[in-house]
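The structure that follows is given in the form of structure tokens.
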Amino acid sequence: MVKVGIIGASYGGGELLRILTNHPSAEVVYFASETFKGKALSDVYPNMKGFTNLACQEYDPRIAIEKCDVLFMAQHQGWAMSEVGKFLAAGVKIIDLSADFRIKNPSIYEEWYKIKHTSADIIPNAVYGLPELYREKISGANLIANPGCYVASALLALMPLFKNKLVYTDSIVIDSKSGVSGAGRSSFKLDYHFPELNESMKAYNIGGHRHTPEIEQELGALAGTEVVVSFTPHLMPVTRGILTTAYAKLLDGSKTTSDIYEIYNDAYKDEPFVCMLKQGEYPLSKAVSGSNNCHIGLKVDNRTGRVIISAAIDNLVKGMSGVAVQNMNLVFGLEETSGLKQPGVYP
Amino acid sequence: MVKVGIIGASYGGGELLRILTNHPSAEVVYFASETFKGKALSDVYPNMKGFTNLACQEYDPRIAIEKCDVLFMAQHQGWAMSEVGKFLAAGVKIIDLSADFRIKNPSIYEEWYKIKHTSADIIPNAVYGLPELYREKISGANLIANPGCYVASALLALMPLFKNKLVYTDSIVIDSKSGVSGAGRSSFKLDYHFPELNESMKAYNIGGHRHTPEIEQELGALAGTEVVVSFTPHLMPVTRGILTTAYAKLLDGSKTTSDIYEIYNDAYKDEPFVCMLKQGEYPLSKAVSGSNNCHIGLKVDNRTGRVIISAAIDNLVKGMSGVAVQNMNLVFGLEETSGLKQPGVYP
Amino acid sequence: MVKVGIIGASYGGGELLRILTNHPSAEVVYFASETFKGKALSDVYPNMKGFTNLACQEYDPRIAIEKCDVLFMAQHQGWAMSEVGKFLAAGVKIIDLSADFRIKNPSIYEEWYKIKHTSADIIPNAVYGLPELYREKISGANLIANPGCYVASALLALMPLFKNKLVYTDSIVIDSKSGVSGAGRSSFKLDYHFPELNESMKAYNIGGHRHTPEIEQELGALAGTEVVVSFTPHLMPVTRGILTTAYAKLLDGSKTTSDIYEIYNDAYKDEPFVCMLKQGEYPLSKAVSGSNNCHIGLKVDNRTGRVIISAAIDNLVKGMSGVAVQNMNLVFGLEETSGLKQPGVYP
Amino acid sequence: MVKVGIIGASYGGGELLRILTNHPSAEVVYFASETFKGKALSDVYPNMKGFTNLACQEYDPRIAIEKCDVLFMAQHQGWAMSEVGKFLAAGVKIIDLSADFRIKNPSIYEEWYKIKHTSADIIPNAVYGLPELYREKISGANLIANPGCYVASALLALMPLFKNKLVYTDSIVIDSKSGVSGAGRSSFKLDYHFPELNESMKAYNIGGHRHTPEIEQELGALAGTEVVVSFTPHLMPVTRGILTTAYAKLLDGSKTTSDIYEIYNDAYKDEPFVCMLKQGEYPLSKAVSGSNNCHIGLKVDNRTGRVIISAAIDNLVKGMSGVAVQNMNLVFGLEETSGLKQPGVYP
């Protein structure tokens, strides 16, 4: 059994707990939270009543090192960078849910996050934790930079186009719609007050969301050239789910929907969690809710020469804690789908 | 492996499929639906893409008998009564999700359902499928009458009071709030059209809902006397969940919240799916969403001499398909919690 | 034109602004808010962009007295009691949206609100602001105690029964379901964080909600005897609306639905904002959303001897700011329906 | 008083009724509906109880001509084309909410709508009913083609860019999110069944929605050249509202947000229903809910050379019945804002 520690009691930590409840080869043995220290986890997460006897502890790296084979860090930006060193030295694997080790170039990190990166030397050791891109590298890694939720959906939507160099790289528009749980659990400010958001929709951080450079880094790596994209996040009155609509101009405007479908089918045919819908079908975000699945549909619009891709994930699972467990499985040589092979909770 | 057949492709059938996906000792081998015959189940239920290769078949009892150890019947009222006979004769176990075998007195059934009961002779063979009441009998049964969703919540809320004869039996008010999935999937009439219901709340069938005699039958059996209750169902703009608020006048108005809590704790301490919240806590329906769990809180109000109980279940799971699988486990001597021991999907 | 001042920039203040935008005989000339002082009202309330040039001011009673004929106080409990005196002395009318002057007996106020009442001598001057009960008195009043939102719905649901002495006064159960805006705008704690509440339902403050003594006072006044009721508030995932289901045991259990309907029709036939639905119809809360209307349906259940009433209002309008404007109209001798005669925004 | 007739009892007809309730110079005197003929309007629209005594009649053009100065046609595509002739001949003004007279080129209409246009000769008489574009022409018109809901939002979002020739006309991506009421009231199929849509999001008709040629026609007219756009509609779990995010590549990539803001401010400064938010602010769809207002925010992203515009309207008001009343006001020389100058119902 892999001994698991979790640091941080927001939605990420809660989802890890929920998912790992039925993992056949992993067990949560340590849970640290400043906010909730001393409190039973079943009081922090009301769904966990009857499923855990653990309580939140004050964070203590020595205890974490002693007890854990792997630590999931679900903390604010800038926290992990100063903590991972001691764990790596002690042989504890780290799966970091923050952005601290996602961006390879520390000056880009600093520009977008307005945080000085104090462990730039560790960045090269980190593997970007999207198994559909880096399965091999993840398997041998000690430090995983778990992807941003929007980024996971955007990369799964666009990856086959970039791998196969099918589109103008400066033509990319990514319009993402997210459930409110993406804002986290501790940020209960007026913006996320139920009456303000329910029955409402809004765009935010237009042209400036921090997931933008992460998308650009990964698409750029696939393209072999610098890529800039227009990425617009939106808040929708749902709890879970990201629906990403991505637009790209085809180099060859005569390609058909079937042509592009074939390429996507080929790219994803062996992926356990990515499912191409039939031609003419587009995903419902709820069909993947509570699951690690990603559903994708697409259409070529020959009038405009664009391909439009619609991709749905659960932002808390495939966009955060589910892919984190998938990464853990790979890191420890377990069955990649262990604890994760569940249909969405629909309706 | 228990070979499972399902008849009916509404939400009940879909939830059975979802839940049984990870059942270690059961396998769905047969699925019949008039509406969707010939269609792949992964097209009928979008969450099931990648999880099943089965298609809906035309209902054929000979094939069902040949293939199945147990049949879940998720059909409209009046259907099961004419079909169960042949399966019981052939040794196939039946778990019926309709009301046909719930009401012991066929004339009460006929009065409330406006359907002539054509198999009244079979009724005595049916066991009412609430394990918290009839665990023993279910274990040896061939025909299970799975409870109504509202009824499951009402009985779990009130059972300890009636078992211990603590309340005036004519004082019961049951006010239940249900998600819209309780209306089923095929009934997509104007009443359930999204814009009509979203951001709205309403009571319906006041004083006349068909689950009333079922509640009265089971409470009456516990009380050893005839019981009539006021039961009011409400439709709330959520997909899943029933929250039932039950009111009862205590025979001894000086009893405290702690007194009654102790009795509930005692009644449910060994129940794998019923969880008493702490005193002063009341359930959130979402904390049990997607799960077979029931959360209960209560309060004695000595000013009025009433005890008020708040109970939450997922109407599609503990209120329908989850308890049906729990019954299947008991019928076949499997671990009662097999395939069901999951926390709710929260948030 | 009546010169209106508003103190407090929560949902109550916002709704007053919205409603008074089109009032033909009243004009908002003063708006005070500690939280938002200096901020334009169109920035505090995004719907007001283009509809007002006012800014929030620091509260200054001398300016308020100078500018206003009437002040709406939309502040926390305990605030108005120390402020109203100076305004009444200066001849400024007060409509208080808090509970400070609702409860006639200051010791009951202190028991339920845990606040020492420092202006008990003013209480007798206050008129309880439910026009359906106290229209005459409101017309000549200087100080109006605007009703609690739950209370407005409960009294409209039960008043004809109590006026006509038709029910056992100790049999009352009031089960109310409220939208989240009832929690106010400044209370954006975790409980009201969108992901925690969406798709969820819960009861709260069972047996202890502060609106209970207010209901009991007014029903008791009608009954001519002390009344205690069971009142349970619930939070539902909607923004606006209260749906109250009230249960009462009839003194004469042979009365029919038609009998009771006639009595309600008679009670409300001249009321401009109370609408009896047809027999067999029950209200949709959304049908009154955004409006000052109250819809009522009812049913006698002769099996149990109870009458069950379902009443719907918009908690922010008929439950707060709409009835406050209705009271203002009466106080100033304007047409009672001025600025308020609007259908609900449906769907 | 303008005598108004309405044909069709879907959401469009209902909103016209609601809005015209308080119109000082217009009165609904005739309402025809096949589906609901003989039924009181207050039964068809539950919010209208107490606000109208009209009943739905069987459609009879002679009676409509006799009674009405203007007819709003809220029928399915293809209906108006065969009916308007007789009304125009009789001097009755027509405001058609369908697409029949929106597209100037009948073969484009026929291609996208798959309906033979039987009154192509009348098309030139029709004025496209977006007052922000065609105020002058609307004022003298007999036949108004009321805009599509998505189109209204897209044109208001993009018009100043096209008027001022600021963008590459082949770079336009329009990503729109709509509430479900846009699907109409009679289309209560499984897709719009509450449990299927609640907590879900989806794209539909990618590359093929019928509002596309309408957007292209109007943008093309402004550009003086043929324009093709990528338009993707999405269904979101809200009842009302369209939020449109539009992307366009600037001809001059060095233009700043302030530059473009100034142009928008200038374009809309005299518009009574279009409100530019401050720089850095983006609209909440709920802030315009129930109102005829349009809120717009925008951002220039110099990294990509694109301007991104976010525009919010209520699809049933500014996207349908509100703009229809605005058009009626213009047609009859009434105050353009009559009956429409209301803030949104927020929260």
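As written, the chain order gives the labels A, B, C and D, with residue 1 at the start of each chain.
Simple rule for what comes next: contacts are C-beta pairs under 8 Å (C-beta built on N, C-alpha and C of every residue); 3 or more make two chains touch, one makes a residue touch a chain.
Model, not experiment: these values are computed from the prediction.
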Legend entry - Chain pair with more C-beta contacts, A-D versus A-C: A-D
Inset, instruction - Just grab the chain with the largest centre-to-centre distance to subunit D, centres being mean Cα coordinates. - result: B
Legend entry - Approximate Å spacing (C-alpha centroids) for the pair subunit A, subunit C: 46
Inset, instruction - With chain centres taken as the means of their Cα atoms, state the distance from subunit A to subunit B in Å. - result: 36
Legend entry - Whole-Å gap separating subunit A and subunit D, where each centre is the average of the chain's CA atoms: 38
Legend entry - Touching two or more other chains - residue numbers and ranges from subunit C: 11, 181, 185, 195-196, 198-199, 237-240, 283-284, 286-287, 289, 347
Inset, instruction - Going by the contact rule at the top, pick out the subunit A residues touching subunit C in the complex. - result: 11, 179-181, 183, 185, 188-190, 192-199, 237-240
Legend entry - Contact footprint of subunit D on subunit C as seen in their complex: 11, 14, 17-18, 21-22, 45-51, 181, 185, 198-199, 239-240, 275, 277, 283-284, 286-291, 293, 295, 341-347
Inset, instruction - Note which residues of subunit B are touching subunit C in the complex, please. - result: 170, 173, 175, 177, 195-196, 198-204, 206-208, 228-230, 232, 234, 236-241, 243, 245, 247, 282-287, 289, 297, 299-301, 303-304, 306, 308, 310, 312, 347
